[in-house]
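When the chains are written out, they are named A, B, C, D, E, F and G in that same order, and each has its own residue count from 1.
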Amino acid sequence: MPLTTEQESRHLEKRHRKARFFAIFCAAITWSSVLLLAVLLYQVSIEGFRWLDWQFISSFPSRFPERAGIKSALVGTIWLISLVALISIPVGVSTALYLEEFAGKGKISKIIEVNVANLAGVPSIVYGILGLAIFVRFFALERSLISGALTMSLLILPVIIIASREAIKTVPQGIRNAAYSLGATKWQTTWAHVLPASFPGIMTGVILALSRSIGETAPLIMIGAMTFVAFLPEGPMDSFTAMPIQIYNWVSRPQEEFHELAAAGIIVLLAVLLAMNATAIFIRNRTERRMK
Amino acid sequence: MSQFPDSTLAEQNLQMSKKSVLELRNVNIFYSDNQAVNDVSFNIRRNKITAIIGPSGCGKSTLLRSLNRMNDFVDGARVEGELIFSNENLYGKEVDPVEVRRRIGMVFQKPNPFPKSIYNNISWGPLINGYNGSTDELVERSLKQAALWEEVKDRLHESALNLSGGQQQRLCIARALAMEPEVLLMDEPCSALDPISTARIEDLLFELKSSYTIVIVTHNMQQAARISDYTAFMEMGDLIEFNVTKKIFTRPAMKRTEEYVTGRFG
Amino acid sequence: MSQFPDSTLAEQNLQMSKKSVLELRNVNIFYSDNQAVNDVSFNIRRNKITAIIGPSGCGKSTLLRSLNRMNDFVDGARVEGELIFSNENLYGKEVDPVEVRRRIGMVFQKPNPFPKSIYNNISWGPLINGYNGSTDELVERSLKQAALWEEVKDRLHESALNLSGGQQQRLCIARALAMEPEVLLMDEPCSALDPISTARIEDLLFELKSSYTIVIVTHNMQQAARISDYTAFMEMGDLIEFNVTKKIFTRPAMKRTEEYVTGRFG
Amino acid sequence: SQQDESQEAGATGAAALSGVVSLDGSSTVYPISEAVAEEFLAVAPRVRVTVGVSGTGGGFKKFLAQEIDINDASRSIKDSEIEQAVASGIDYLEIPVAYDGLSVVINSNNDWVDYLRVEELQLIWQPGSTVDSWDDIRPEWPSEPLRLYGPGTDSGTFDYFTETINGESGASRPDYTASEDDNVLVQGISGDEFSLGFFGFAYYVENMDKLKVVPIDGGNGAIIPSATTINNGTYSPLSRPIFIYLNTASMARPEVNEFVNFYLENAGVLASEVGYIALPDDLYQEAKDKISAL
Amino acid sequence: MSLHLQRDLEKLKKEILKLGTMVESAINNAILALNNREMLYVDEVLRLEDHINEMEVKIEEDCLKILALHQPVAGDLRFIVVSLKVNNDLERMGDFAKNIAKRARELMQEEPISTLPEFVNELPNLVRTMVRNSLDALVKLDVSLAREVIAMDDKVDEINRAMYQEVTRVAKENASKTGVAISLLSTSRYMERIGDLSTNIAEDVIFMVEGRVIRHDD
Amino acid sequence: MSLHLQRDLEKLKKEILKLGTMVESAINNAILALNNREMLYVDEVLRLEDHINEMEVKIEEDCLKILALHQPVAGDLRFIVVSLKVNNDLERMGDFAKNIAKRARELMQEEPISTLPEFVNELPNLVRTMVRNSLDALVKLDVSLAREVIAMDDKVDEINRAMYQEVTRVAKENASKTGVAISLLSTSRYMERIGDLSTNIAEDVIFMVEGRVIRHDD
Amino acid sequence: MAQEEYPDAAGASQPAESPAARSIKKSGVLWGELAIKSWLASCSFISIVTTAAIVILLLSETLNFFENVSPGEFFFGTTWTPLFEPSSFGVLPLVWGTLIVTIGAALIAIPTGLASAIYLSEYASDRMRSTIKPVLELLAGIPTVVYGYFALTFVTPVLRNVFPDIQVFNALSAAIVVGIMVLPMVATMSDNALRAVPISLRQGAYALGATSYEVTTRVVVPAGLSGVMASFLLAISRAIGETMAVTLAAGQTPNMSLSMFESIQTMTSYIVQVSLGDTPSGGVAYQTLFAVATLLFAITLVINIISQMILNRFREVYE
């Protein structure tokens, strides 16, 4: 545009070039992350794909690769995740509600707040040590599903609490005011409006948290999840195994076939993860839509 | 300060109780150590619109919120003095704030419908408060009162968030009306709306005042002028003038009021 | 609609080029397939305030944003027709939109200071655009022009976010002025402000028009009445009337305008 | 119900058994225990056998806390652990179940090493060793840096190796690349031309194509580890027995009793199946005798 | 548009019309008093005049209230401003009616004199028509009717000028009639002033409708 | 307050004052024409009257503009409404000055007759004082000055009534003087009307300051 | 206060007295409300109990440890061979290992995560964003063991091609996979933070004639800094605490080498090694586990406190 002097337009041209380069750079970085995931998935699937069949899903572990399956680990993981969800969601959301809606801005809530933030950064292995000492030993819950679930719940509670608090914070104050001004009590307001309105955000936190717990190995091994379990747990007090443990075990076997089984196990685990995320996202979108 | 300079005290009391719904007597409101409202006294008349105007931060919203104890939710807020409503001090020990809010409704600055259906928005308040009549009728009646029925009757079960801003605000009014409150408090109910929606709401208020007592905070002086019967002008927490609206805008008694309404402030 | 009903076409052209900064000729604006502005033509006069009024959704903001190509950031927005600015069509192929925005500044509805110091808020624009004079002077000059200098001169390096809403909006104006734009576009610059801040800004615009050309969108008709020299009234994407402001508010030429300004709409 | 039927259909005492048998401990022993558990399932379908992997030490912790019936161990119980057992009044039985050979391996491109003497191994691995390149071992070997790989300090394999080579369990030079996972060591050595490492025999067997095993001269000439040389004890001193430890109190439970017997019955066959070397038959018999003596 | 403003404007319009009716009635009565020489008409005028004054104050207050509270613009604003002026004009008409009635009361004491026939019939009729038509024009926003009113004013002026000649003539002829003649001239002048005020109203109507000031056009 | 409104109000005030000065000058000239019988004063009045009319239209437009654009309330609003009325009153005063000047022109053709000394000196002075003082009161918002103006009006009325007697007397005495006498009476009436209008202005000032309508108080 | 005036006294019809004015007094204690509040409060105390339990558990053994080993040796020693004979208890190599892996991971995750976040929030279309983001989030859900093997079987061989003398176990590949693992956290959280920056700020900058690069780097990122920093800190915390992947990728060789090409050991992998290994409980060697865990806990605590402080600071400045 002949609006400017020669020098100014050269300066402008330089700025435009920089902007273009930057945009391309960012896009390239993002796409390479996606590519990385693709590579990872590709690696896993070429290795494990040939083992992936119904036999694999429906069999217990075995010393013969062709007979080995992931049944007990898959069921154990589903049990574990369900229990974890059952424990951690109510407790986590309750804590978040207490901090956001009921507790004042006093010292105690500040302490809890800092404490929760700190717990989020405690390494998972430390939770394993804790779970072993508290649940397995002190409460004599033994190496059961419930011990594992409680330990895992402690591990992911901070994530749920923090995410839920953020979600609750985004609920417009106006909605609370509206409810109070209609003569609602605090709990009526919270239950009927705050909680539903923050549900999508809470779900996001829950997805993240459960995803994390589905892939954790170290604390489970610590508290004594089994490796070979040739039966399906029938209650929370039964011993169990979980997919990451099974995968870890297969991977460390000398035979190449077991390594491939491990890859197949990873595919199943990712599928479970994906299914769980999809369910959660579906629920989230549905509530979001219902509220629009 | 006498409100009926020509009448005896006995007469005054009689007149008050007949015409006033809410009486503010020497109301002081504090936020922790800061005083936001200083020694304000006036009466809110039945079936009239009372407007509260004044510069930003003068304590309008604070005062309004004190009228149905919404200040309870503000950390550190403290109310002193008497606010007499149905023969009780609103801030008496015995008084149940939930009950107060049932009977003194409130509409807020930004339309804040619940993210639920139009129908549920209206029925929720009465239901949690033990209403057991026909909710269909209740919803219809409230929406009609709020002049919204015609526009939404075919989509009562759609989300309230699909309504336009002005419709949402009328829904919030309908929601408050469904509780059959004695007094309706409104804090700048039109400031988030476009002029056409604002005009609608103003017309609605004009219609509603035959059956409700309305207190409205507005920083739009023209609005106070257009719709209210009485106007309270506040400044820095003080009530400068409480008067018939026409007076405030043609011949205010106080110099500060005159300066404010003619824009000679700041 | 002729703007100089009493003069010949030749005279008109002469007058135009002397007095107009921006000329809109048959401007049409589309969002994907929806037309938001239909065939609008008028001229924006140098050192005058031109207001654009009209009901919500009539295309005011769309039209305003087209004047400095802020519509470029809206997906699917398309501008047709000619917008002549310093002898170029703003939407010509050769035209660099960054350059356009340098010379046609904009102030938005909500004050949007950068989360930087007051000083940096003002100096940033000129610096990235290769300004190499004294930024101290520039900052002082711009703040003085925006009537903010006295209030902030002792805290230039504090965050701009500590300012009040009205001060923030004046800062945004100062920020725009620092670029020494030829035209200043404003989209409802006072709608988020209290009446006192609004009065300040209006006074400021009144002062600024001796050196700038200002186009302001407002849904506050009174504001358009108070501050502008020319007023464009739009409805559903059409320009209904473009006239001297006094005319619009005392004797509008078009019936629709009369209906709108007297509130007989909707 | 199917289980009920099969039980009714009748059969042996084992099929009627129910209850839990829990094993934990060494990852080395795990494949054998797993195989046994898997086979036992066919015999006693209603008995729940669980096998965990938490390392020999980790297993002993649980064993001593009486959380498990049987601990898989790739080494003998340590004095400190014995003390604890005595203190808590635990009576246990050590039962060897197989041999594991420790293979010393090198990269498959390594063409200069023909064998290693035990003294040379000690020279390399002893604490404070100054051997940094191959020619420090034998001058005729290339003057290339020597890179060492071995199990982590916390495994039975490491303990055994250090004990036999350096004379004291845990006594080792620290500056080698360690991993608890033998597969990881396989990866390391097969990717590093100048490497030398050691790990369980089974891992060598599975990766023969990638690695070379080093014959060890323990004084009787260089011997290559193999099922035969380990079984007959000629591959010495780097072959070791691996054990299970049995809490004798648990033997009161018929399902445990049955399982242990089954274990000893099948250990030989199953151990070879999963890459270990069966013990001489008399050793199994000896163990059976001990058990029935309880 | 705001219901409130709409109602207030309606009310104002009604009040102006009521005032107009009262003024018309006062003028009628004043003329009757003059022509029929009966005191009861005079009393009626005086009574009406009180009401007119009250009404005028009220209307002015209402206009002020509407301006203050509703801040009208364009047509609405012009209507209020015109109302203010019409209100003023009507009140003045009321004053003139009172003046006529007062003169009529004085004249009742005196012998009647014969005068111009136009003065007795045409002038009062003209003036009454002007008043009524100007108010009609206001209500109906009828510009052509307003123009008719303005046109009529010429005739009124003409009769008034004729009256001046006539009165001078009468006074010269018969000095004793001078007082009566001058009083008659006054009433004629008052009627002429009423006509002028009607013209003002008509001009205001034109201003309101067309937004154009025409009163000094001639 | 808005700079814009402030400036516009200032401007309006100045214009009203200017109009007032013009009207005062027109009245002075009219009186001079009457007393000194010189045409140049008449011409001056006619010239001024044109300007006054123009000015009146302009002021009315300006008031309308301020009402429409700034929508003033309270004091500002009362000021505008009063300005509208004062403007009207001043224009009418201008008209009366023109009428006086026209009568003066007619009287120049005739023999002068002797008349009441109050009419020649006191009445014009009174009226001029009233006009000046009412405008002063307006500018200074001086209520007591306004009340003085209102008080003066009684004197003016008295002189005017006296003139009526005097004129009747003159006409009866000397029929040939009848025309001149009636003309003189007219000028007296015009002056009285000017006094009335000053009173109106004074009353408006009181309304503006005290917010109270007093014009029908008596 | 001013005088008041009520002209409407006459004529205004009085409405009927309000219907049987119900009292506004309290009718009783709301037990339900109270019970719920107590339940919620007790839930929130779980976190405090958890922390207390961790501290007690770790500290009691750690105190025993320090009866056997002097703090001086532990904190300042540069050799970590607690399980060797002769043993040595200088924890610095573990701290160092943790440090370089964490720094390495941060150096990878922070710039790339931020760049991705910028791409997602500033450049990608809504559709693009809504497909890429869940994909990135999937990266966060993959078990860490898988990452460990990915490092060994893919990353290290690739690195080998570039740096032939890199060891099989090396800090670099550990840092890379940990970086990849926490990248989605940085990307999605920062994306949320950047998208929370009001559009109006961007428009403000564009209206001053800025290019997209200038708008992004000088306005949007600084404005979203508090959220962006939060994502960095969370990512760093996660990297410090990461266990299995580093154990597999970096090996278990306590080492203070400056080179990222060598095997190291992090605190977490030491904890795994001991707790899953052969060490008999009770001895000094076993107590090292708790000493290291305590130190790790203390380090994460300090980082968390510092980051809280930083975040509060930013909030103050930018809100």
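One rule holds in what follows: contacts are C-beta pairs under 8 Å (C-beta built on N, C-alpha and C of every residue); 3 or more make two chains touch, one makes a residue touch a chain.
Model, not experiment: these values are computed from the prediction.
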item	value
Reaching chain G from chain B through chains that touch each other, fewest steps	1
Interchain contact steps from chain A to chain F (minimum; 1 if touching)	2
Highest-count interface - the chain pair sharing the most C-beta contacts	A-G
Length of the line joining the C-alpha centres of chain B and chain D, rounded to whole Å	82
Inter-centroid spacing, chain G versus chain A (mean Cα positions, whole Å)	14
Rounded Å distance, chain F centre to chain G centre (Cα mean)	87
Chain C and chain F: spacing of chain centres that average the CA atoms, whole Å	48
Residues within chain A bordering two or more other chains	15-16, 185, 221, 251
Per-residue multi-chain contacts in chain D, two or more chains	53-54, 181
Chain G: positions in contact with at least two other chains	153, 211, 214, 275-276
All touching chain pairs, where touch follows the definition stated at the start	A-B, A-C, A-D, A-G, B-C, B-E, B-F, B-G, C-E, C-F, C-G, D-G, E-F
For the chain G and chain C complex, residues of the former touching the latter	125, 198, 200-211, 214, 218-219, 222-223, 317-319
Chain B partner contacts - residues on chain C that touch it in the complex	55-56, 194-197, 199-200, 219-222, 263, 265-266
Chain G partner contacts - residues on chain A that touch it in the complex	15-16, 18-19, 21-23, 25-27, 29-30, 32-34, 36-37, 39-40, 43-44, 90-92, 94-95, 97-99, 102-103, 109, 111-112, 114-126, 128-130, 133-134, 154, 157-158, 161, 185-187, 208, 211-212, 214-218, 221-222, 243-244, 247-248, 251, 262, 266, 269-270, 273-274, 277, 281
Chain C residues within the chain G interface of the complex	68, 70, 73, 75, 98-103, 105-106, 108-110, 112-116, 124-125, 128-129, 159, 161, 172, 175-176, 179
Contact footprint of chain A on chain C as seen in their complex	86, 88, 92, 94-96, 98-100, 103, 128-130
